[in-house]
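Structures given as structure tokens follow.
Each of the next two complexes has chain A plus one other chain: chain B in the first, chain C in the second.
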Partner chain A sequence: MARALVSVASLGLLLLLWWYATEVAQLVSPFVLPSPGDVISGLARVSEGYMGGSLMEHFTASMSVMLSGFLLALVIGIPLGILMAWIPIMDRLFGPLLTVLRPIPPPAWIPLAILWFGIGIAGKTFIVFVAAFVPVLVNAYVGCKETPINLLNAARTLGASQRTILMEVVLPSAMPVILTGARISLGVAWATIVAAELVVADQGFGFLIMNGYRNFEANIMAGGMLLIGVIGILMNLGFVWLERVLLRWNAEVR
Partner chain B sequence: MTTTIEYRNVSMSFGTGAQAVRALDPTNFKIGNQEFLMIVGPSGCGKSTLLHVTSGLLKPTTGEVLLDGQPITAPGPDKALVFQNFSLFPWKTVWENIDFGLRINNLPRDEREARVRHYIKLTGLSGFEHRYPRQLSGGMQQRVAIARSFVLRPRVLLMDEPFAALDAQNRAIMQEELVRIWSEQRSTVLFITHSVEEAVYLADRVMVMSRRPGQIKEVIDVGAVTGASHWRTRPLNDVASDAKFQNLRHHVWESVRSEISPLVGA
Partner chain C sequence: MSNLGERAYAGVLMLGRGVTVLAGLAVWVVLWWGVVRIFGISADFLPSPADVFSSLTRLVTHSIGEGPLHVHVVASFLRFMGGFVLAVVVGIPLGFIMGQYRLLDWALNPIFESVRYIPPIAWAPFAILWFGANFGAQTFVIFISTLPPILISAYRAMQSVDPSLIAAARTLGASNRTIILEAGLPSSVPVLVSGLRIGVATGWMALIAAEIVAGTGARAGLGYLILIGQQTLQAGITIGVMLVIGVLGGALDYALQLLERRVMHWR
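Right after this comes the complex of A and B.
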């Protein structure tokens, strides 16, 4: 309770300082740092429609591309990670490729993705996919590899086939790590779609704040950033809740 | 049906070349039907290796283990193994853990249910069927592990220091429980322990192993001392004051101790 109070107080103090510096003392120009009131009015303006789309349309644009790339990463990344952990030849086949591709920061893919897939939805979906894919795959791989040897031995002595061991021991054992990977990946996907929209888009949150920049509307930029942050927090909370529901057996999930 | 285990020239080395570690020297031994064989020895004496070779999880470097004359080549439900750390599946409930071996071996549903119910009752787990392992105490978890093994009606029961993780009171209770469950369904038992008292109390025979590379140092026939009224059929607390029990415990302890630290003591 006391700890929560300190957190609230620190946030409140920051808001107070912001409000004082911009609205009361007017220490900084509104073109550099808009006041809280400016940001609220900016958000109100965006919600009525901004640059050819309502707030809902910008939201849908960002979210649909982000989710397509993210889901694609799950559908390909989880099975591939499991196969690489389970079948040595798959590990040798895909391991080196991953080692080479992994250190490339996802935004570095943006120009190539535009070249390959154009400036539409396909290009951005690809970028999100590339970004979200790595944490999904790595966590699925590590999760499977970390199955306790004792549980594998127990299953074998009880007469389990390889298939049973994979489905009933390795997968459930890896599930907490797989879900953690998916949650990390969701955050990465969200960051990446915004980055991609900064470069090339005619809708979405990245496009929104880039337009704020082009039109000297710092309040639109700040408002857009605020929304991006809030949506990120909500998605993360949703995922944590999902983990708790799916992993009731796990003592570490609270 | 009788069950015998025969070790023929069984040895085990880990690694190869100069780094190879000899865990178990060639061993020849025979275990009789429904025998309760307790194995004691210092850490690293190869007793776990012997157990894992018997389970089929490890392939011996030389020799073979015969179960009723047939070489053991792979693990399976006829050779159940109870682990020191319980090794329950944490995502399965008590019921699902015990049922697992029956289900994957395709037993009919009615029989599975009857057997699981029976062993839940026998191991005192009634009312805990739908708990997850993390919601149980260590003693309760080991009951689940024991039920999970017994429910398969294995010919051989392999126990790898099953009670080492329990406190003294729970250990004593579980020893008596094990005997009670076992006397209803007698399989041949290989039981590894660090506790000399546990070994003498439960055993038909106690096998003392030498330090690495492991060899059979001595085999003590407890059954010959106790006769038909075996110590394990009485509470440990009553047996502990028996002079014959104390003598044997002393003998085994001296035998093990001389292996633990050859530099210290006589």
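Right after this comes the complex of A and C.
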């Protein structure tokens, strides 16, 4: 109770300070730091339609590219991670490649993606894929490798085939780790599509911020950031819920 | 004696691992080279490994933008250090204080929570507006992205201090300040170092992102080089510099990993 009170008071104070500095005392120019009222009017403008696109269109532009890159990462990353954990030669082949590629930050792929796939949907999907791929693959690999040895031994003693062990023991035990990897990677994918849209785009939330910057509309910039944050929170909550549904059978997670 | 034997054995194991990794890499390099050769892919699109190597050696000797490769490495590194050091200087004391004074924790936590879901790179345009595109913007983005892991590790470090240690210090009449400096700080070094390691990894990524997004303002930096390679259709430069970024980032992480292992032992 005391904690909630302090939290609300602190956030309220911050808002009050912001409002006072920008609207009342006008200590800073609205071009540098928009007032809370400015941001709300900016959000209203965006929702009516800004730069040839309604809010829904910007949302769809960002979301569709992000989801296609993310799904591609799941479809390729999870099986590859499992194969690498299961077959030693796959590990030896792909492990070194990952050692070299992993430390390259996803945004560093933006120029190459533009060179290879152009500035449209394909290029951005590729960047999101590269970024989302790593956590998915690593978690699938680690999750399989961490299957409790007792479970494996028990299954072997009972005469389970390799296939059965993989499908009935290893995968279910790796499931929570794989899903965590997917959730991390969803956050990474979201940050990456925003970064890619900041560099080159004519639609989407990253474009909103960058365009606001170019047109001296700081309220559009702040509004865009706010929307990005809110969508990020909602996606994370949604995924946590999905994890709980998918892992309902697992007593530990429940 | 047995210790020496064990060490030699560990050395042979590591050597064996190194050879396997190199062999695995060799397969990919040959594959890359073969694909470029067989399909006759233009060097503007996908240069061969040899092309990338020669682009890199040219970069070392010839200057692009403000100078040859080392100038860009230094420029990037300085930006990185600017943001990282700032995050350490602000994050560690603040994390300790929030770990020790509950009221401050309650007051500041919601503020951090409310900005946590905005990707750091989304701050880049405001950062350019506030601090300029040459050095300030990148430093700010790195600061924003490295502050949370560093602050959280300092906070956790303070919470992970053995309560009986604090109780003992209290009984002996130590002030909160003494407790932080004499009990909290020393016993929490390992947690801190792991936090720094996460901070370095996120900061390195943020640096490259910021250099590419805010890149137009400065003509130096590794991000600038990748962009120039793309804009002038010299894919050899882009790919070569990406590899340099990967190697430098990997080396930074490895250095902190060594430090982490050292500190764990010490504990």
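Note that the second predicted complex is superposed on the first by the 239 of 254 C-alpha atoms of A that agree within 3 Å, B and C clash if a C-alpha of one lies under 4 Å from a C-alpha of the other, contacts with A are read in each partner's own complex, and residues count from 1 in each chain.
Quick note on the criterion: a residue touches a chain if its C-beta (ideal position, glycine included) is under 8 Å from a C-beta of that chain, and two chains touch if they have at least 3 such contacts.
These numbers come from a predicted model, not from an experiment.
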Touching A:T157 in the superposition: chain B (first), chain C (second), both, neither?
first
Partner chain(s) touched by A:L242 [first = chain B, second = chain C, both, neither]:
neither
With both complexes overlaid on chain A, does A:L198 touch chain B (first), chain C (second), both or neither?
second
Applying the touch criterion given at the start, work out whether A:V169 contacts chain B, chain C, both or neither, answering first, second, both or neither.
first
Which of chain B and chain C A:A218 touches, first, second, both or neither:
second
Of chain B and chain C, which one contacts the greater number of residues in chain A?
C
Touch check for A:N250: first (chain B), second (chain C), both, or neither?
first
Quick check for you: in the superposed arrangement, does A:L15 touch first (chain B), second (chain C), both or neither?
neither
One more residue to check, A:W116. First (chain B), second (chain C), both or neither?
second
If you look only at chain C, which of its residues touch chain A in the complex?
20-25, 27-28, 45-46, 103, 106-111, 114-115, 117-126, 128-130, 204-205, 208-209, 212-213, 223, 226-227, 229-231, 233, 235, 238-239, 242-243, 245-247, 249-250, 253
Quick one: which bits of chain A touch chain C in the complex? Just the residue numbers, please.
2-3, 6-11, 14, 31-32, 92-97, 99-112, 114-116, 190-191, 194-195, 198-199, 206, 209-210, 212-213, 218, 221-222, 224-226, 228-230, 232-233, 236
Counting only contacts in the complex, chain A reaches chain B at residues 148, 150-151, 153-161, 164, 168-169, 172-173, 175, 247-251
Provide the residue numbers of chain B that touch chain A in the complex, in ascending order.
55-57, 75-77, 79-81, 83, 85, 87-92, 100-101, 104-105, 132-134, 148, 152, 158
